[in-house]
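Listed after this line are the structures, all set down as structure tokens.
Next come two complexes, and both contain subunit A; in the first it sits with subunit B, in the second with subunit C.
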Partner chain A sequence: MKPAPTLSTAFLQPAGQALPAPLLELRKQRGAALVDMPLPTRKTENWKYSSKRLKLTEEMAISLPTTGKAGSALAVPGYKVVFTNGVMIPEASEYPDLDDISIQRFGELSEAQARDLAERLDSTLDMKTVQFAGLNTARFEDGLVIRLNPNAVLDQPLFIINEVTADASGSAFPRIYVDAGANSQITLVEEYISSGQEPVMVNTVTEFTLAEGANVTNIRLCMDGENVQHIGATGVRQQRNSRFESHCMGFGGPLRRHDLQVRLEEQGAECKLNGVVVTQGTQHYDNHTTIEHIAANCDSEETYRNIATDKSHAVFNGRIHIHQDAQKSNANMNNKNLLLTTGAEIDTKPELEIYADDVKCAHGATIGQLDEESLFYLVSRGIPRREANVLLTMAFINELVVQIPVEAVRETVHTRLNQFFDQAFQEV
Partner chain B sequence: MLSIKNLHASVEGNEILKGIDLEVKAGEVHAIMGPNGSGKSTLAQVLAGNDTFEVTAGEVIFSGDDLLEKKTEDRARDGVFLAFQYPVEIPGVSNMQFMRTAVNALRHHRGEPEMNAAEFMKLAREVSKQVDLDPAFLKRGVNEGFSGGEKKRNEIMQALMLQPSLAILDETDSGLDIDALKVVSDGVNALRSEDRAILMVTHYQRLLDHIVPDFVHVLADGKIVKSGGRELALELEERGYSWLGIAEDEATEASSAN
Partner chain C sequence: MATTDQEVTELIKREYEHGFVTDIEAHSFEPGLNEDVIARLSAIKKEPEFMLEWRLNAYRRWLEMEEPDWAHLGYDKIDYNSISYYSAPKRKEDMPQSLDEVDPELLRTYEKLGIPLHEREMLAGVAVDAVFDSVSVATTFKEPLAKAGVIFCSISEAIRDYPELVQKYLGSVVPHTDNFFAGLNSAVFSDGTFVYVPKGVRCPMELSTYFRINAANTGQFERTLIIADEGSHVSYLEGCTAPMRDENQLHAAVVELIALDDAEIKYSTVQNWYPGDEHGKGGIFNFVTKRGACMGKNSKISWTQVETGSAVTWKYPSCILRGENSVGEFYSVALTHNYQQADTGTKMIHLGKNTSSTIISKGISAGRSSNVYRGLVKFGPRAEGARNFTECDSLLIGDRCGAHTFPYIESLNKSAVVEHEATTSKVSDEQMFLCRQRGIDPERAVSMIVNGFCKEVFKELPMEFAVEAGKLLEVSLEGSVG
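Let's turn to the complex of A and B:
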């Protein structure tokens, strides 16, 4: 029997030393822990459908060079922090200097702040299930830490543009940590984009801790190119009466993997997780979400939609875990899937584990095709078949698109969806 | 305008239409009556281009062209409109978006400029009043949560918006109360014109009190078994179908299926 493949040690050599000592130390520890890390295979349950898409070459082990400048000048309606290849570009970033909200790159932290951060990093995630998050911690060269004091409100969305320049093979490790104080509020938009054509990996981790009454909205736009394997994790811990809302908009690629883990740790915490994925060609997208209902009286509402065409493959795995003390939990999970061709594949698996007896829990998953009768009705009114297909496909996800609370993001999503429709229905 | 010759159609290998012949001229209103299951909706759907039904023989000439050769959307652009017996509910697509797309597709086909949102709204509001639908319904999903009567009025509204040259109305009168029947038949009468033909599938004489047809045809078991003027409808009302040799139980048996 062949030994299980392990992560090449070349992947455990971090670049960039411009970090405070506690973070360098954390990086080293995580790297040491990943020696001989087995790579996921078909037999790795939570990578069952995606392991064959993971193609890490030795060339991809090196960190993509820090360019020092932003590849594309993006105008955003709000504040902006630009990272290129996992390193912040201050000249391209515009954000306010506020008393009650601090936005700092890792390198700017004092020794004491860095020590505190080092203790918090990785604490929102179940690191056993997201080994690649560990790789990010072993490799990050920079990162952004946002701290909101109690009652602080960021008045505009903060866009974090994470770009990779794939002019050569390599990897990038963007990292974000958000600490939302009591009753604070922020809308954070993460945009993942790329330029260049060489095969690269983007390995991201974003973490949120929400103190009592905090209100955080996170929009995640995954729009990397066809040469980018994107493996990302988002971890969330919520205290009493806090609210977390997420909108994950995913466009396929050779490998797209996102793990979203939310822990409702105190009473009255509430999360709403929306997700839309579209895949075409031979693209692949795999969303794994976990909601831990740890305390009583928490609500979770999860709605994910996948649309797959051509020979692409979309995966949804949604786990809800209701702990013994989480009485009066309200958990709703809904996943609907649309196959536009017979060659496309969608795998969906809702997983419910319930250890409390007084809970309201509902889940549903469906896989279907566009309704022929509806199509006929539309074209019988003279609507071109392509447009009828677009109307019905859009109807499948529109409910989620309209909920994205930032108009500019909705526009970006519409533009990308139109490109998708142009491809998907070109022969219609 | 419409000439149907020896039309045969099947679904899943079962022959439903068994040789239909029908001539409809511009300006005429034809009523097609007949028991449930006799093939009325099949005829309507075949004319609109529903490929669930396979045409196995015969021809249909519409405005000089071979209609059966054409795609559904092209038939619509050439002026064929079908008011469905069972209009489809399409959540997520608003009535407004749906109708505006349809109106503009037609205008585009005719080389006319598209209607902008404001122009369209103005027209849509007027027409919705004409069929007694609250304009607020324009924002809802297509037919979503509509009552039976609202769905039928919405079909007539679409006909009024699209101004087809051949309007095929499949039981647009069924399930309507007296007031709604009046609204719908006023709508249909508004459609009547010299250069437009109306093919009206109905079950009941009562619609024909409001919309006086030029011709009445009785369809039974996939064939037109009798044609006449409007007095034929009155006779059917009085005597039922049995005097035409149509088995009563065919009518009742099939009615459960549809």
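Let's turn to the complex of A and C:
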């Protein structure tokens, strides 16, 4: 067997030294651990369908330059923090200075705070399965720590706009860490956008720890351009009676990969994961989710919908793991897929791994096309075929889109979906 | 569970009833594997030259292969040089001409197993080919089958007598490069069953093979090849047992089915290899590659399996649905107890138009066992209008066992439709309460509930097997309550 290709050492040279010593140290450690990291191949189980899409050229190894200014002005109905190429732009960001909620850049942390953070980073993820999160830790130049004191409630959604300006090849490594104290509440919107045309990689890690009774909603909007390979990971650890809700809205690209890992570590924790993916052209989108039921009496509910058209490729891999002590777990996973054209491909793998007997677990997955009878019904009532197609396709995912609790995001998603429909369904 | 009765726990110790060793003289090879061993094996079987070449080819390729480790299984590494690759009951002369010439000790073994080998004791209409350790010892009902034109014999005979059929089809569905265990089997398979059903013939009776591993330190590598020519129909049953031994024994079989236009093959297995004792010691390692190809249009292949034995099971009976309108079916009950591990499931590869497949898998885990369903449903770009329905349910009995589901679903055709659903549950307290309230003891109640859980699969089995499977389940489950 020929040896698997390894990550070029060029990727292990972090830029930007404006970080507290403990974080620089952590970066160095992770970098050292990644020397000779084998790149995923078709034989790598969790990259089986996506490895051939991963194209890391030497030119992409360098960090994209920190421009110091925001690329596009974005009006958002709430607080916002703007990152360009993985570095925060304070001038473009607007968020309140509150007593019980602190929003800080990594660079602003005191030595003690940074030491504490360095210990927490990566702790929500199973680093063996998300190697690229390790690469983020080895390379981040900036980052955001959001800490909510007990009972703190952020009154408006916080938008984190992550933009990359791809005027030259390179990479960006946005990093977010959210520590939600007991009974605190926050809605965090992550938006990933890009400008420029050169091939770049965006490698993101977002982590959440939820203390007892915390309530966190995370919306992830992946709207990078056709030149961006996006590899992201989100890790969540939940304590007693906390609730985590995630809405991942993904629009395809040359490579989109998102790993979402949730650990229900104490009784009564609950998570709800929704996801919508649409791909067209030769796009590729790969969602991998893992829900670990570690403690008893936890609930999880997962619903993902994929739509693939043209020659695109959508992948879903959902895993529910019920540990031995997680009796009375309730877990539900549902993945439905719409394959609009022959030539596109959908692969799904809903996994259950169960070690406790008193549990209720179910998963379902389907792949199919639009129902001919429903189409006929609409067409026979005078609705043009194209419109009928759009209606039914929209109905397929709208159930999830309407659940997004921030109206502005819903609108953005609808606009993007309409563009998608315009291209996917030509006038007939 | 509320029914933690003392007497129930005591029932746990019900032992494996096929665990006896038959004391007959056997002719065995020294343990070890090399080209010499393969050449000797081939010579003993008086195989034609092409077979030896075929085996050596497979062996050389196998040397380069790596043992797969992706399955959800944990077992000590197998030392392939500590296994004897040939063991045969010693015979004075050549092959026996009739049952009277078969070693009476051997026949007694089969009687103990309750196999209707002797024609007089036969259940109506079952023709048996019995494979003892590595070789086929007796085949019954040859004559009426021959009259119908059906060839039913050991694969060694087939290699000698029907080389053109063997050459054409052997390895056509499972090539020796397919996987590690199939490669090993291709190199060293010692015997097995060959069935050919000619055009338009409906095989007049159920065909059946019983496999038994008897000698210590041997592996059993049988090879089954079933060809159903145009418009034919055959139903085939397979059963397996082994003596109780402390060390693990290896069983690596390959089964190939070929269904041409309008043909139908129904393949049923009741696998009851020795599962090891209650501490997980001993037991058979069962690494089996089974695959059927629906080559012709309107052909159908149906797999039904009841897996209760083996310490480790690694088995994925699959269908390649190439012909238009071809149908694949997979019905499975896998029961694991004590420290048994099963990683089993199926692959349905839809290549042709309007192909359809059904997968019903019922996994039951008890004790400290682990039971995995692993399956692949794939629709190729030409599989217009293809359809799959999958249901895999798991039942957990006890809180130290595991039940897992790893389904892969891949679709490249927009008009293909796949539905997959899976559930996991336990024997509910309400069900138990209802039964106990009516005076049914807990042991029986569980057995009833489990039987009900498996009903969908059992009804696919031929009648005699369904009864056996039900009984087997009951035996294997004994002691799992509490």
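Note that in this section the second predicted complex is superposed on the first by the 425 of 428 C-alpha atoms of A that agree within 3 Å, B and C clash if a C-alpha of one lies under 4 Å from a C-alpha of the other, contacts with A are read in each partner's own complex, and residues count from 1 in each chain.
Here, contacts are C-beta pairs under 8 Å (C-beta built on N, C-alpha and C of every residue); 3 or more make two chains touch, one makes a residue touch a chain.
What you are looking at is a predicted structure, and each value in this text was computed from that prediction instead of being measured.
With the two structures aligned on subunit A, subunit B fits next to subunit C without clashing. Judged by the touch definition given at the top, the superposed model places A:E399 against subunit B, while subunit C stays out of reach.
By the document's definition of touching, neither partner reaches A:E59: not subunit B, not subunit C. When the two complexes are overlaid on their common chain A, residue A:E25 makes contact with neither subunit B nor subunit C.
In the superposition on chain A, A:P384 contacts subunit B only, with no contact to subunit C. Between subunit B and subunit C, C contacts the larger number of subunit A residues. Of the two partner chains, neither subunit B nor subunit C is touched by A:E212. Once the two complexes are overlaid on the shared chain, A:F376 sits against subunit B while remaining clear of subunit C.
Remark: least CA distance from subunit B to subunit C after fitting both complexes onto chain A is 14 Å. Note for the complex: subunit C touches subunit A at residues 66, 70, 379, 381, 384, 394, 396-426. Against subunit C, the residues of subunit A that register as touching in their complex are 1, 45, 324, 327, 337, 339-369.
Chain contact summary for the complex, subunit A toward subunit B: residues 371-374, 376-385, 387, 391-392, 394-396, 398-399.
Note for the complex: subunit B touches subunit A at residues 48-50, 52, 71-73, 75-77, 81-82, 84, 87-88, 90-93, 97-99, 101-102, 105-106, 109, 141-142, 158, 162.
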